[in-house]
Amino acid sequence: MHSTETLWSNGTSCPAASADGGCADDQIAGDGYTCRFEQGARPESLILNMGPQHPSTHGVLRVLLELDGEYIVRAEPVLGYLHRMHEKMAEVKTPAQFMPNMGRVDYLHALAWNWAYVGAVEKLAGIEIPERAEYLRVITCELNRISSHLLWWGAYLLDLGAFTPIMYAFDDREMLLDLLQLMTGSRLTYSSFRFGGVYTDASPAFVQGVRQFIPHLRSRLPMYTALVTENIILRRRIEEVGVIPQDMVTRYGASGPVARGSGIAYDVRRAEPYSVYDRFDYEIPVRHEECSMARYMVRMAEIEQSLRIIEQAIESLPDGEHMHPKAPKPSFKLPAGESYFAVEGARGKIGVWIASDGGKTPYRVKLRAPGFSNLALFAECARGTLLADAVAILGSLDMVIPEIDR
Amino acid sequence: MASIFRTLADLWSLVVGLGITGKQFCKPGVTVHYPRAEVTPEAAASFRGPIELIGLDKDPAKPKCIACMLCVSACPSNCIAVTRAPTPKPTPEELKAMAEAEARGEKPKKPAPPKAPGTWTYDFSLCSLCGSCVEVCPVDSIGFSRDIYMVGTKREDFVFDQLARLARKAAARKAVPKAEAKAAPEAAPPPAPASSESGAPGTATPASEA
Amino acid sequence: MTPETAYVTPDVLLAPLDPAYLADETPARTGLRWSAFLSADALPRAATLLLQAGWHLEDICGLDVREGLMAVYHFDRMTSPGRLAIRVLMDRAAPVLPSIADIHQGAEWHERETADFYGIAFTGNPNPAPLLLPEGMQGHPLLKGEAARAPLAALLAVPGREDTVLRKAEGFTLLDPAEDAKPAKPAKARAAATEEGADNA
Amino acid sequence: MNATISFDSVLHVVLALVGVAVFVGLNGLLLVYAERKVAGFIQRRPGPYEVGPQGILQAVADALKLIGKQLVRPDRADPLLFWMAPVLAFFPVLLLFLPIPFSPLLTGWDVNLGLLLILAFAGFNVLALLLAGWGSNNKYGLLGAARAVAQSVAYEIPLLLAVLAIAFQEGTLSLTAIVGGQGGMPWQWNIVVQPLAFLIFFVSALGETNRAPFDLPEAESELTAGFHTEYSGMGFGMFFLAEYANMIVACSVCTVLFLGGWKGPFLDGAWWFLAKVYGLLLSMMWFRWTYPRVRFDQLLNLNWRWLLPLGVLNLLATAFVMKL
């Protein structure tokens, strides 16, 4: 238990302390994070623990807030409530055994993490991938990106107090999950990429389903726009809120829609082209407003661009194997050396760095989560905004806490 | 003045929103009313449920498994435990042959342990359905079941004796005519819901068709 | 922030810092474009130069090798991308690095994470509390046991890297193939040792 | 006030109060069910479905659950204030129903200052929210209470201005008389002459009753549950009932003032009144399931910069026309 002096930096004792002193301790009860945070606070401020159980901290993020009325003086995210030490697990499991973990780092865009890990291993071990598998990876990964954006869209509106859009988004997302289930066998935590290919080949039903889904979603997007994007209440809530200037993006190493909403046309699919992305005609949506609305618009535009990629890929899907005939057995040994592989996830640049000493299991695996860097700028971004804006900013960063905590 | 007109235009977006939700209000729902309705078997066909053993073509109650333990070592979560079937007691003839061989100074030919599992337990509560065991199995004796609606009320419900499960399933297959067996692939494993037999698959309208 | 015309390749950019080792890499093989070994003292200066040139910090990875503890800083650029790995080797007895969180603010969390996992102290970090691990937890989970440690040369072995070395200081022998550059120990012993490391943590 | 205090009139009021309590209780159940069904249909879900046919007993089951739950008070909460708040939120609302004329015969207490009575007692609600937020010793509750006070105080003014415009026009504060001044046909209703006042009244009523998109005192994505964060069981149930009762009152007054009360094109009676009230309630629900929530400063800006000036202008214009 901390003494009353630790609470107030100006030396006064806790005003809530009763004559017998019993109350004071309860008032300060809190862990080291709260106590340290309170030390820097002004005496008239209110310290609010938002989370770890809070409706709009998506999972178990905790944010310490120093409030002046409803204005945020200072904010500090406290992480670790969903930490599972994936990097340690990677060191004690063979690459094939570690694959299921990748579906659980970021459960909303699991296939991008699949790809980052598979890509790093393939690069290190020089494993070849058949062309058909590359196309199938692109198609499933983009479908997964759309499902992630749809869920973000619904959840963001939920944060802003609109309950209905998430149900419409789930209606469409359900079809996506049916399609992805055909390819991966599961509906959320996919682990379907394999070293040297993909787990299953595309069935005619899958190809047919994707062909039907593209026009369906395109026909739904105008409804989304009319119901939500153009809604004046929403626009007033998120326009010019949470401004992230370009230099802040660089200083924090943010990426994905956060960077693109600030006018930086950075997309790993273009910057470090991997797989067959260079064969498709698509745009990188960029907005220059730097606010939450810009990030919102970037994601909505990305849904359309992903549809474009899928459309081209499904039409030009080559015949052939879905696994390379020389693909390694699950118990293969990684050669010694290092490799870094980055892919563009729904939240930004996902990176996997593998260092191997030639043993059965990797020597070190580093997972670079985009949300980690994106969330880091929240404290600076939220300063001086309203409590309701903090919710709007957190949502616009599209956090997936398991990915940030790993 | 211009700002007032813009405000009025902005307010119109609220009316548009009401129009959209109003329209959706009049449309039928998309929910599948489980357990009165279930998703179609086609939608469940690609689902990777808890793994199960695959029987021999000749004798569906006996697994193809040769107890090579590859699945046990491939599993990232240690949810499979397999033991070999016990070596059968040598018959009197074999004992005699062994004694003779020893007498001749040769290495006696002991009966080899059968290439079959004695027990095959699977803890679904640990499984992440990654499919490592399915892929590594050299004789294709492991497959994913299509159990979408599996429920249990306690942890032990998810520890399967796969050999018993296979036997029950084979027995159930035999009992129902072939066409029906196709509609209800999971017949009677203990935690499987009764609904997969009693429900009326095919009448449901899954979200995928909406 | 920085106009595109200001783009200078890191070999020129880092030259004043006298890196002990600087090499061109083949991105197709390692995903890196450049790699450099720097001393801990030169790190803040390098971070400043890189930020001014428009580089951002991707991540900081710790690494426990036979030669000591290492931190790898991955930098990248939004425009004209190409990954740069800056490696800093520390003494295992006193793993201390200067913080660059005042330059790249995003480094604060990366440093705290590395401190959690490896026990590396970052002097000057504005908020040196544990980030992902609980407060008061003993030990650092990614440190390896004595037997499990591999030599750096084995981990960073890239065929043909010797040909693309741009700078190499006198007496820089970290990447020279050691006598046992091959897997240090049989996998079994290694796994056992890792377990041991986990127990320590 | 011209009501003479006699035994008869007291009995009448008491009976009316009992009737109102039953009415509010039943309506609470009905509206909870309706709200959830509306939400369900808008979101293409069935809504409550399992308890009773089409789930009609769901609200009853919920009510039983709430009644059956233990009353829990946080350790450091002020017991008096904490328990006073839900009571104060619910019971004054019953009084608001007294002057409302459901039909010429079905009026609890036909008092000639009915409007004033409603506006005066409606002020109790904000006190209850303040006590709830303050008394529960919870930071979210406190923030919710602060929001509730600022919001209720602000939105009372345009509400009053809109009501005054009608009172000017009709020259009376008696609700029965106001209905009497309107005809049965829709074009004979006050909404035709006073559309702006209707709009101001309805928006302010949303603000007063803390309904979405103005549900800031409880804004669950910001303040978890705002002023009633710490309440469970019937403590929460009372707030819940009070919210719906307040909605009914607001819609009833709106019906009386603007939509001709019990009068209809044919067969005047309470059914017209109820139909209009439920129509308004349904649109309130429709709004809730369509719009995002506004931000607090925007909420106040809307009031002070738009509703208030418009209300004043409308009132002046009404006064000017009436003078002519």
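Each chain gets a letter, A, B, C and D, in the order it is written, and its residues are counted from 1.
The definition used in the following text is that a residue touches a chain if its C-beta (ideal position, glycine included) is under 8 Å from a C-beta of that chain, and two chains touch if they have at least 3 such contacts.
The shown structure was predicted, so the numbers you read here are calculated from the model rather than taken from an experiment.
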Q: Please indicate the chain closest to the centre of the assembly, with centres calculated from CA atoms only.
A: A
(Q) Can you check which chain pair, A-D or A-C, has more C-beta pairs in contact? (A) A-C
Q: Calculate how many whole Å lie between the centre of subunit A and the centre of subunit D, each centre taken as the average of the chain's C-alpha atoms.
A: 42
Q. How many Å are there between the centre of subunit C and the centre of subunit D, using C-alpha atoms for each centre?
A. 64
Q | Separation of mean Cα positions, subunit C and subunit A [Å, integer] | A | 25
Q: For subunit B, jot down the residues that touch at least 2 other chains.
A: 14, 17, 20-21, 24, 30
Q) Got the subunit A residues that touch at least 2 other chains? A) 164, 168, 171, 227-228, 231, 233
Q. Mind pulling up the subunit C residues that touch subunit A in the complex?
A. 1, 27-32, 51, 54-59, 61, 63-64, 72, 74, 76, 78-79, 81, 83, 85, 103-106, 108-110, 117, 127, 129-135, 141-142, 150, 154-158, 181-184, 187, 190-191, 194-195, 198
Q | Footprint of subunit C on subunit A - complex, ascending | A | 31-33, 36, 76, 79-80, 83, 85, 87-88, 91-92, 120, 123, 246-247, 249-254, 259, 264, 266, 271-272, 336-342, 349, 351, 353, 355-361, 363-364, 366, 368, 372-373, 376-377, 380, 405-406
**Q.** Partner subunit D, residues of subunit A touching it in the complex
**A.** 23, 26, 46, 48, 54-56, 70, 157-164, 167-168, 171, 227-228, 231, 233-234, 236-237, 386-389, 391
(Q) Can you tell me which positions in subunit D touch subunit B when the two form their complex? (A) 38, 40-46, 49, 286-287, 289-291
Q: Report the residues of subunit B in contact with subunit A in the complex, numbered from low to high.
A: 10-11, 13-14, 16-17, 20-21, 24, 30, 42-43, 46-48, 73-77, 128-132, 135-136, 144, 206-208, 210
